[in-house]
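Next, two complexes with chain A in common: one pairs it with chain B, the other with chain C.
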Partner chain A sequence: MLEQDVKYLKFKTYLNTYCPFCHQSFNVEKKDHKQIEFKAKYKGEEIDIFLSPYLDVFDSETSVPVKDGEFLEDLMCPHCQKSLISPETKCGECGSPVGSVIISALSKLVPFFICLKKGCEWHGLTKADERKIKLKIPRQDMPEQDQTLRIHNHQEVPYGFTTELASLEAGRCLQCKVPKCVEGCPVNVDIPGFIKLMREDNFDGAAKKIKERNVLPAICGRVCPQESQCEEKCILGYKDKPVAIGRLERFVADFERKMELVKIPIVKNKNNKRIAIVGSGPGGLTCAADMALHGYSVTVFEALHELGGVLTYGIPEFRLPKSIVQFEINFLKQLGVRFEVNHIIGTILTIDELLEHFDAVYIGVGAGLPVFANIEGESLGNVFSSNEYLTRMNLMKAYRFPEYDTPMPKGNKVVVVGGGNVAMDCARTAIRTGSSDVTVVYRRSRNELPAREEEVHHAEEEGIKFKLLTNPTRYIGTDYSTLKAMECIKMQLGEPDASGRRRPVPIENSEFIIECDMAIIAIGTGPNPIIFSTTPNLKRNKWGYIDVNQETGETSIEGVYAGGDIVSGSATVIEAMGAGRIAANSMHKKLSGTKEKEKEKETKK
Partner chain B sequence: MAKGTIIRFDISAPKIAAKIKAGQFIILRVNETGERIPLTVADKDEFAGIITIIFQVVGKTTALMRSLNEGDTIKDVVGPLGKPVEIHNAGTVVMVGGGTGIAILHHVAKAFKNAGNNVIGIIGARDKDLIILESEMEAICDELIVTTDDGSYGQRGFVTQPLQKYLDERYDIKLVYAIGPIIMMKNVCNLTKKYNMPTMVSLNPVMIDGTGMCGGCRVKVDNKTQFCCVDGPDFDGHTVDFEELEKRNSLYLKDEKTSLLFSIK
Partner chain C sequence: MKEFENIDEILDFAINEEQQAVDFYMTLAESAKNEYIKNTFIDFAKEEVNHKNRLMDIKQNGLFTMTAETVADLKISDYTVSVHPTPNMTYSDALVLAMKKEKAAFKLYSKLAERAPNSELKDVFLSLAAEESKHKLRFEIEYDEFVLKEN
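Showing the complex of A and B:
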């Protein structure tokens, strides 16, 4: 096989094979698998030979047993019965005669060879060559909106993989026997499993495979920090860049949705037990879905007028389109989950009152209280918490003011304080609403930026400036109490602190002024007091969050479970989902366990 | 209550009506594109499942609400929000209300009266047409004084004048509760400070979610940042930074006009 042909072969690992004479396909779809069928001659008899259509599992099977090392006498097309033996080419490994067929890959026709010696794996490529090719395929980038264009709109930045890019990327996976990536995933999605289905062109099946473990793949594929979870553990990552698992996940989820292949599972074993979920963020939705699938009747309470929690009010449209959040929530609605918006648990119904009506309660209210640095001038006009800024923009759609009634905070020179994903979201929203100059101020250096590399990269592309090792010391106002400038101090990195990051220390007398007319403070969040003030017997940990049993999600009150940011403090969407799953599992165990006990009692009677 | 721009709404919200206490507020959103506005509840009927709000038409949302007819629905109503007023038997309390603040005052005064207090009411407004709930207040209060800025009804002048008179003459007054425009609460507090009289005020900053999430409603109380929606809305009036509150509340005046003009177009 020629070098340039290899290039096409590696593009698609699933092979469509054709006879070079009659051009009919050798591929046959069986009920549960796909294969390639030929006729062959062995010891004078005509036998069938079956090949698996994947490059990486190229073992042949025959209708009559042929031992390894024995030769087939001929290879024939089952349609035109012509011999496929190629007189010019010999096997690159053992020198035996070879059969020649045509394969199509990426709309190109390429010759392909099958060695007639049973057990020889040569088909133009040895196994070692194959591995080299896999390493040679670079990690595929998603096509995305051009930066000059996207800073003027709120549409999603990456367009997502095309089918061909997705197949190419899926071809990179080594299909490890002991996959490390699964360990890296907080909900343990069968990653090699779904990638294998993708290689079989079964994108729908791949989506269903993910959904066995993760109910919100379209969301996770977009907002999970894969580089510190599954992709960090990928074996390919040691020599090359890891498989783009997140992008593949996003692709199959989008494929399933766009092709309208989503099926609503029929819930069997419905029971009459009721579950209340407080908060409709990612953790609450996961817990709700799991419990609904277990047969419980689930009610989700949301304080705001829109469902989705942080997915709706926090993450901007250009990073997670709200139509996708809506779609996933509709899926839960079709599962039979009930949603109650405008219900603040604690005031309209207390946890104790919920327990009167429900068999178990899951608290996933998030950590929604914004933290301020308590420095001079924070109450000036045009100084916002990231929560207020993003809530106005995303939940209240202030960027469409005055079509929508909520006013949009505007500034020409905007400073965002903080270096997390939320800070990036604020900065990138600001640049999209016409601010000419957006600067991110962060007290540590670039290496310590907690935001995802992808987000920082996107932000830089969009022209956002970074002032690192800088901390604000005071906000300076005009006579009208609006922001005019902020005073900052330069920092340097000192000894590592408890979290392992080097502690930033101010450099004395290094204060300087940054002129700005809007500041957004994105330095973290704390626990919301409503649930605690109305549920005094709920035990809190030393950071003020809910104290739970990490393995079961149980709180100090029986029948009440909690998870997500209200337990861990600000973390990620997928970690909240992981906590929702843990709580659902132990809830189910407990509630179904009591049922069995009751049965035991009855039988004893 | 069709007195010009002051409007009364009875909203059927049984779950909220069952729980809401004096001093607590709700947030409502009129339609899909509407903003969330906080309104303190003026009264409730837990048996009929009704909450009452009284508001003055000032911006786009309240103008939209005026256009609603009996039987129409509001898109979203959420509550109860904020901490309720701490009602206790103090003896004699003076309830001071200005403008639409009288609506909220009425709910609080009722609760104080039911707790066995001797309630003195002072209500004021710009002119006669803006005085609301007078007969209701009369029924609750042991004594009631009405003032108008232009003298078109009751005493001419501000609510602080009769209040000062009471503070001078009566020694049994234990608490002053004031609610109304920021300037009125500020003046009441300046006055009661001289007499060292405990004064509670109910604040009304700009708010979005009302659940402690956005921090937009932060006010400086006793030099500490407090969130009005979860730490308030009632605070010790002597420690509130009214200047800051005034400035923060005027941030969106320009946008309010834009919004109104847009809706007229």
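Showing the complex of A and C:
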């Protein structure tokens, strides 16, 4: 049994301990607290001992006169005087005799063993009982800003775990020998490893453990869809709610940052090879960090005036504070990565020109081209793409106009079309910037909403309305060509489509009108054609995304790699990071000659 | 509108329509600048060739079977704005173009069914209309899955 569990049991229910023979309680009331009292024998003498809150006989606060390495000769019930020493069971760690008691944990009576050797901290519950008790510790929620307050500001909604909540949540992990959660993580973070360090109160070590595989833990802890990745695979999740891996990741990353424990690794074996990274989003940053750590001289080119890609222009402040993005980028700067902003690759410099100056190029420009449904009225005034709306709000800080130059798109009755995280971001931004009525129009039902449950829940709390099984058919304008209403049609769900979700089919003659003065279309994004206009020989698929070798990230042009949304279409931050890592590994293999050596080895075989 | 007197005449008309569709897509393929869009139009043309072959087969072997199934209508072709073919078309434009073309064919056969002189010919037209409707659905599904992704 783990300390955190016992701590939890004690805090939440008070741990009752009983004699397995006479079933009387060992708990005694002291002046201001409860204690668990026994009789014991040491060197022939009978002594009274007390268990610490962690069921440890030799806690530092108890003065049991036992020398280190020695053990109690006997442990006895103070009521029936029977020996509690278990003849069949020995300590799982040191093989010393153990005392057997019954504990009441969350309405269950379970056998529990206490090692009698000083210095050994083994608490033995049978594995099955340990699991039963762990399942009973509920998944911990993060404290968060009240909804009535937060719709008037742009500050982050959840405050993050406190140390105590983080310890409790870490205690829920089953520490599986074959952890499935690691398989669910696109960059294979050693999840049980970092949680184990958390249980030892080594939060700094836990942060370092995550950083072995993920350079942006504070960001991933906030925006990764863990429920469909690592947490979906969590074994605990089969019977109970899974361990809140994302929240724990966020906690340790924040702890490391706040405590100023971040250490910049010293890069050894610097070489004189140069790498160009196009795009400073999550994939580009991961590739840049990996290559810098391998000793390469890395330059990142960013088209906008701020770094971070979608982390900066796409995700709002209340979901991902920009100071955190800035902090993670500063880490890369200190690693020696060079950043060039306002560099639109494809116009200022072409990919071919980059190849003249760099040994390899990684394209991680994301999918920044807005997609429209191509229906009537999309060019009316106050009909925005989610890309434009969020870029104005997040990157250009339009909500602080005129302090910032960009005017704020504003409407009283706002309709957001789409059901993903981007749609939720748009709707929640609109409600924060003074819109009185915000409705999300989505063509499937609530169960199929692609947005994270957490985001939908927050949106609902903030007063966003949902018009489900509804699809726009046209936008209607005033005489001055600004939006005044939207015609929609009701939908019903038909057969499942390729994504496994039931396909929405329109209901004949069910059209109706929604009055609105601003619409934001958040139905997806496409590849920006700028790079391809000057590099037409870069092989692409029919949707315009770059064709790559999935195992290496190599494109059709020698020395050019790509990954993230520009290859896969809109996906997650961590998937882009995974792609950045794959490309960095294969780039390094190729440039350091490892690939050639491997090939040579294979041919020799 | 042309009057039809027997099934063979209808099938000849339909075969000719499919051939025109093949020619239309091949012209677009030739003018497309993007290699993938070019291939997309060639694929569309190949599909029309298959439709044409199927009709020729029916004509030769007289194996005309009625399709009584109802084909789902996602109505995407109804609500999307018409696309004019250009050499720089995107894949989603190509899909809109194709689905609208199939919709037009569906409408044509439905109209011909209304005007059919007898129930036998009417059934043939309705069957051809259902076939075109299936083709349209295929493009609508592709558009639904990859353009209207809602994220």
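As a convention for this text, the second predicted complex is superposed on the first by the 464 of 605 C-alpha atoms of A that agree within 3 Å, B and C clash if a C-alpha of one lies under 4 Å from a C-alpha of the other, contacts with A are read in each partner's own complex, and residues count from 1 in each chain.
Note that in this section contacts are C-beta pairs under 8 Å (C-beta built on N, C-alpha and C of every residue); 3 or more make two chains touch, one makes a residue touch a chain.
Here the structure is a predicted model, which is why all the values come from computation and not from measurement.
Novice: In the superposed model built on chain A, check whether chain B and chain C fit or clash.
Specialist: On the superposed model, which is not a single observed complex, chain B and chain C fit side by side.
Novice: Looking at A:Gly418 after the superposition, I want to know if it touches chain B, chain C, both of them or none. Which is it: first, second, both, neither?
Specialist: A:Gly418: touches chain C, not chain B.
Novice: Of the two partner chains, chain B (first) and chain C (second), which one does A:Arg540 touch, if any: first, second, both, or neither?
Specialist: A:Arg540: touches chain C, not chain B.
Novice: After lining up the shared chain so the two structures overlap, which partner does A:Ile523 touch, if you call chain B first and chain C second: first, second, both or neither?
Specialist: Second partner only, chain C.
Novice: Classify the contacts of A:Asn374 with the two partner chains as first (chain B alone), second (chain C alone), both, or neither.
Specialist: In the superposed model, A:Asn374 contacts both chain B and chain C.
Novice: Scan A:Arg503 for contacts with chain B and chain C and give back first, second, both or neither.
Specialist: In the superposed model, A:Arg503 contacts chain C only, not chain B.
Novice: So in the superposed three-chain picture, is A:Glu200 touching just chain B, just chain C, both, or none of them (first/second/both/neither)?
Specialist: Once the two structures are laid over each other on A, A:Glu200 reaches no partner at all.
Novice: Considering only the touch criterion stated at the top, classify A:Gly494 as touching first (chain B), second (chain C), both, or neither.
Specialist: Second partner only, chain C.
Novice: Mind working out whether A:Glu227 is in touch with chain B, chain C, both or neither, as first, second, both or neither?
Specialist: Once the two structures are laid over each other on A, A:Glu227 reaches no partner at all.
Novice: What's the minimum Cα gap, in whole angstrom, linking chain B and chain C in the superposed view?
Specialist: Nearest C-alpha atoms of the two chains are 7 Å apart.
Novice: Taking the contacts chain A makes with chain B in one complex and with chain C in the other, which residues are shared?
Specialist: 374, 378
Novice: Spell out the residues on chain C that touch chain A in their complex, using ranges where they run on.
Specialist: Interface residues on chain C, with respect to chain A: 34, 36-37, 39-40, 72-75, 78-81, 83, 90-92, 96, 141, 144-151.
Novice: Within the complex, which stretch of chain A touches chain B?
Specialist: 303-305, 313, 341-344, 347-349, 368-370, 372, 374, 378-379, 381-382, 384-385, 387-388, 391-392, 395-397, 401-408, 480-482, 528-530
Novice: Tell me, which parts of chain B touch chain A in their complex?
Specialist: The touching residues are 15-16, 19, 24, 29, 33-36, 60-61, 75-81, 208-209, 211-216, 218-220, 225, 227, 230, 244, 247-248, 251-252, 255-256, 258-259, 261-263.
Novice: Can you tell me which positions in chain A touch chain C when the two form their complex?
Specialist: Counting only chain A, the residues touching chain C are 371, 373-376, 378, 417-423, 442-443, 450-451, 473-474, 489, 494, 497-499, 503, 505-506, 522-524, 526, 540-544, 569-570.
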